[in-house]
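Input: a single structure, listed below in structure tokens.
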Amino acid sequence: MDFRVDLGGLKLTNPIMTASGTFGYGLEFKPYGNLEELGAIVVKGLSLRPRQGNPMPRIVETPCGMLNAIGLQNIGVEKFLLEKLPLLPWKTTPVVVNLYAQSAEEFSDLTRVLSSEEGVGALEVNISCPNVKEGGLQFGQDPQAAFKVVNMLKKHAGSKPVIVKLSPNVADIKVIAKTVESAGADIISLINTIGGMAVDIHTRKPCITNVFGGLSGPAIKPVALKMVYEVCKTVKIPVIGLGGISNTQDILEFILVGASAVQIGTASFTRPDKVFTLVKDLRVKVEELGIKSWDEFRGSLRLG
Amino acid sequence: MNHKIENKKQRCQSLKVQTITYSGTRDFVHVYLDPPIWDYVPGQFVMFRPGSWSNDPVWPRPFSICEKTDDALRLFIQVVGRGTKLISCLRPGEDVDIWGPLGNGFSLKNDESVLILAGGMGIAPFVGLCKTHKNPGNINLLFGHRAPLSSYPYDELPENMSKEAMQQKSMEDLNEFQLVLKQKIQDFASKGRILACGPSSFLRAIQKYCLEYKADAWLSLENKMACGVGACLGCVARTTDDEYVQTCTCVPVFSADKVFL
Amino acid sequence: MDFRVDLGGLKLTNPIMTASGTFGYGLEFKPYGNLEELGAIVVKGLSLRPRQGNPMPRIVETPCGMLNAIGLQNIGVEKFLLEKLPLLPWKTTPVVVNLYAQSAEEFSDLTRVLSSEEGVGALEVNISCPNVKEGGLQFGQDPQAAFKVVNMLKKHAGSKPVIVKLSPNVADIKVIAKTVESAGADIISLINTIGGMAVDIHTRKPCITNVFGGLSGPAIKPVALKMVYEVCKTVKIPVIGLGGISNTQDILEFILVGASAVQIGTASFTRPDKVFTLVKDLRVKVEELGIKSWDEFRGSLRLG
Amino acid sequence: MNHKIENKKQRCQSLKVQTITYSGTRDFVHVYLDPPIWDYVPGQFVMFRPGSWSNDPVWPRPFSICEKTDDALRLFIQVVGRGTKLISCLRPGEDVDIWGPLGNGFSLKNDESVLILAGGMGIAPFVGLCKTHKNPGNINLLFGHRAPLSSYPYDELPENMSKEAMQQKSMEDLNEFQLVLKQKIQDFASKGRILACGPSSFLRAIQKYCLEYKADAWLSLENKMACGVGACLGCVARTTDDEYVQTCTCVPVFSADKVFL
């Protein structure tokens, strides 16, 4: 079977991408697999200037999942372009840069810098980070703000496809999906983490200094699958599904409800070569199920 | 961190459990696994996740490499929570995903004197270190512990190194131990390197004394970790340069004057 | 320690209640424990007339959780009052009736019927069920609709405390919590299930005929804890916390963030005597932690 | 459902695994547990949840009571998914939460002829039934199976009952089996009660023939279950009176003319 996927401009050799923030800058995983085998590498969210992130502790394990409030610690876009990107196999595997900014202006500055970089395959805009005080989530929860940001990003992105990453912390995901589509988004990815919290009854303190964190991992898969399904029914642009994917069956579930590609997040923590193994195993699983082409399988869920 | 060891041999493998033995109680276990293909430096650690864990717990667990021989990789583990409890119940033949060797490890010269300060499970990385040391006579070890000494792999440390163990059962014991710690550090500060591993309260005390006496000391931190490869940024420690660095890759062994505990 | 809890009119001997829909009509659990030991019994959601619920399959297991779309199958309020309530120990243990209706009028009819029943300790209004087409969730997502329903319920409820059960499927739980408080709710309980979905890649069909279901169980605990914390910070009325509670530590976590009582849901499926065991074990745990009184412990989370 | 057996002895207990034995392959296991304090009627089942499951899987798993002696409760389990896989790896001494006996069970008279139709794992409840039957001569059993006969507890059924096993490896086998089923049901319809347990396709075929020949037949359903006590309403079956009834409490043994499969 032909494993390639074309996400409206972003071309992948297979539908398996990494999820931002769970795969570092890609290089961390070089000892564990061949990066060129991945569909795409999505790097840790970058901001214009380096960020320190939130104070420790920032992560805690939960039933079938984890909470994180890293707070977008990153080396800044400049250092990334200088020190990391050249070492990534961007000629064979698209490198997607995940963006974070606190204002529409910062978003457009970031975009301008990146749009002229040959090695950048696409931009993924994080309008959905629950772990920072400024920016992030408010864009993802307020359709009007989201429209403005995406619209402006598109103006500066040049030929780079713009992926908009949605927050699940909304009453109706369809509304925001429709909005960012109409604002010109080329692709939608979802879901980002779900807001959550953990506390320690012994110390009587939150387990994460930031108090709130984002929930990810297998626990959230049912929620992610529903939202991806709803968005796929709502928009015409390609959708990248993620949230709790940990095996090839999960991957196919997201494609069955309409996703064109998927991202692997927390699962990369269960084994650093997870995403590489999934690429191999997916071929076997697809064969086993007799799937003939992505076009035939994608969105073929039968109701009633 | 100038101390980073380039290690291109990191690998993720499924290794089989050979045996699990209990040390004193069921809360202290030695896990022997089929040997991995890589070599290591004492102070380095592995991420450990049994295949049977499926969805829950999600995270692997980090453990110092206690010892590695041609026959086995050995870890020394205390049962403190759910993950370690499950690990202590593993059976011979079960598969465990292991990646490593991770972190930098201790740097020391065989021909120099070294003071090792180990607190509780902090003894784990020093077992291999002492047993493979070319000149055990250069090693001085002070071991503070709560459980009976027989729970720990203390007796198997080389005969010809100098070692001392102190048990802390009460506040008084603890105060006394702190005094001995301080004295040892003061005495040793000018003689060579100090290596320490143990609970954070233990490390904090050591750090204080080491700064006071300007000792060349290295501390092995035990932050919570999710990925072990530097990707999640969950395990960072704040350095005196006000940077957050991943303890899993850049360290866990820190120079005592470079990190906030 | 004095284990009693007073939820503004609803008095419990201990803070552990059952969660609606997971404890049947209470009688199902008689073989497994002494119902009189529970803080309160919350029965399956009742409607004016009997309901058949959704077609099968209605449940599916997920990582650390489950989805359900029972669709509020119930025997109707009349049959409940006649055949079930008299067999429950309502004189010692408050029996809370969970209500479901498709319109404001139906809600008020139901309330009228129940308000004069001596054996009914309180009413819990389910304005948050995601598994039925009509009613339910829309009240829970739309503050105005919620206000109207609660306001009217209060008019007909007489002396019965009215508990309003909130849906987590909103962008900001604080808004709806504030609204129902101002509409006169005596108590708030949360969370109901989170919308989710599961599919079968072999049959290419949803695992639940209703397509969508509600996610419950340990998986959702971090989300529930955050929302309970936020609501406790927002309203002055007592809050009942639930969502993924499976042991005494979980119970204390909810009380630590401000809940006055808790409900045990999906955990009752892991062992039918679970809730009885929890009542016993909670005493031990509270002792162990040296908690002196609920007033001292409740909401004592320390930030920063 | 007039068939409900009042059983006031239901209990939830932690029982210890005595042994696990494999039948042919590792996919068919006999689990022996310390005996519970209750008695049961064949066709009844238990909910089974190992203590080690903690958070995941959340649900218990339902299994027919295969046999109960003074020494042990015995279940016969096929590995089909994650839960049964984990169960097959349990060790002697491990605790399992067991509640039961649940459901109604088969009703039959020792002095009447009975036709038992078992498909695959559907043989489980009939092992105890046949072995404790006062008049095994009255039993006629037809057993359809896919795996080799040695995987099932077929040989241990009493000598003096009449039994026949047919293996289905192909579509032809299956068609032939259906014909035999139909013939048996037709022949037996007037002679006594029919009891059936097996996969839903198997039960559907039986139901069709039983309705055709107006047989007094009882089918044991295997719906998915979460609670096992009638509380979650997840396991319901639709009756011909257009009611949804809990298969875990009111049944699982249904009169063939009363339920939609």
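Chains: A, B, C and D, in written order; residue numbering restarts at 1 for each.
Methods note: a contact is a pair of C-beta atoms (placed from the backbone, for glycine too) under 8 Å apart; a residue touches a chain by one contact, two chains touch by 3 or more.
Only a predicted model underlies this, so the values are computations on that prediction, with no experimental measurement involved.
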Pair exhibiting more inter-chain C-beta contacts, C-D or B-C: C-D
Farthest chain relative to chain A (centres taken as mean CA coordinates): D
Inter-chain centre distance, chain A versus chain C - centres from mean C-alpha coordinates, in Å: 34
Distance from chain D to chain A - Cα centre to Cα centre, in angstrom: 47
Chain B: positions in contact with at least two other chains: 55-56
Overlap residues in chain C, where contacts from two or more other chains coincide: 63-65, 217-218
Chain contact topology (line, ring, star, complete or other): complete
Complex contacts: residues of chain D adjacent to chain C: 8-12, 49, 53, 55-60, 97, 99, 223-224, 226-238, 242-244, 249
Complex contacts: residues of chain D adjacent to chain A: 55-56
Partner chain D, residues of chain C touching it in the complex: 21-24, 28-29, 31-32, 44, 52-53, 55-61, 63-66, 68, 70, 73, 217-218, 246, 266, 268-273
Residue ranges of chain D touching chain B (in the complex, touch as defined): 52, 54-56, 82, 86, 89, 91
Residues of chain C that touch chain B when the two form their complex: 63-64
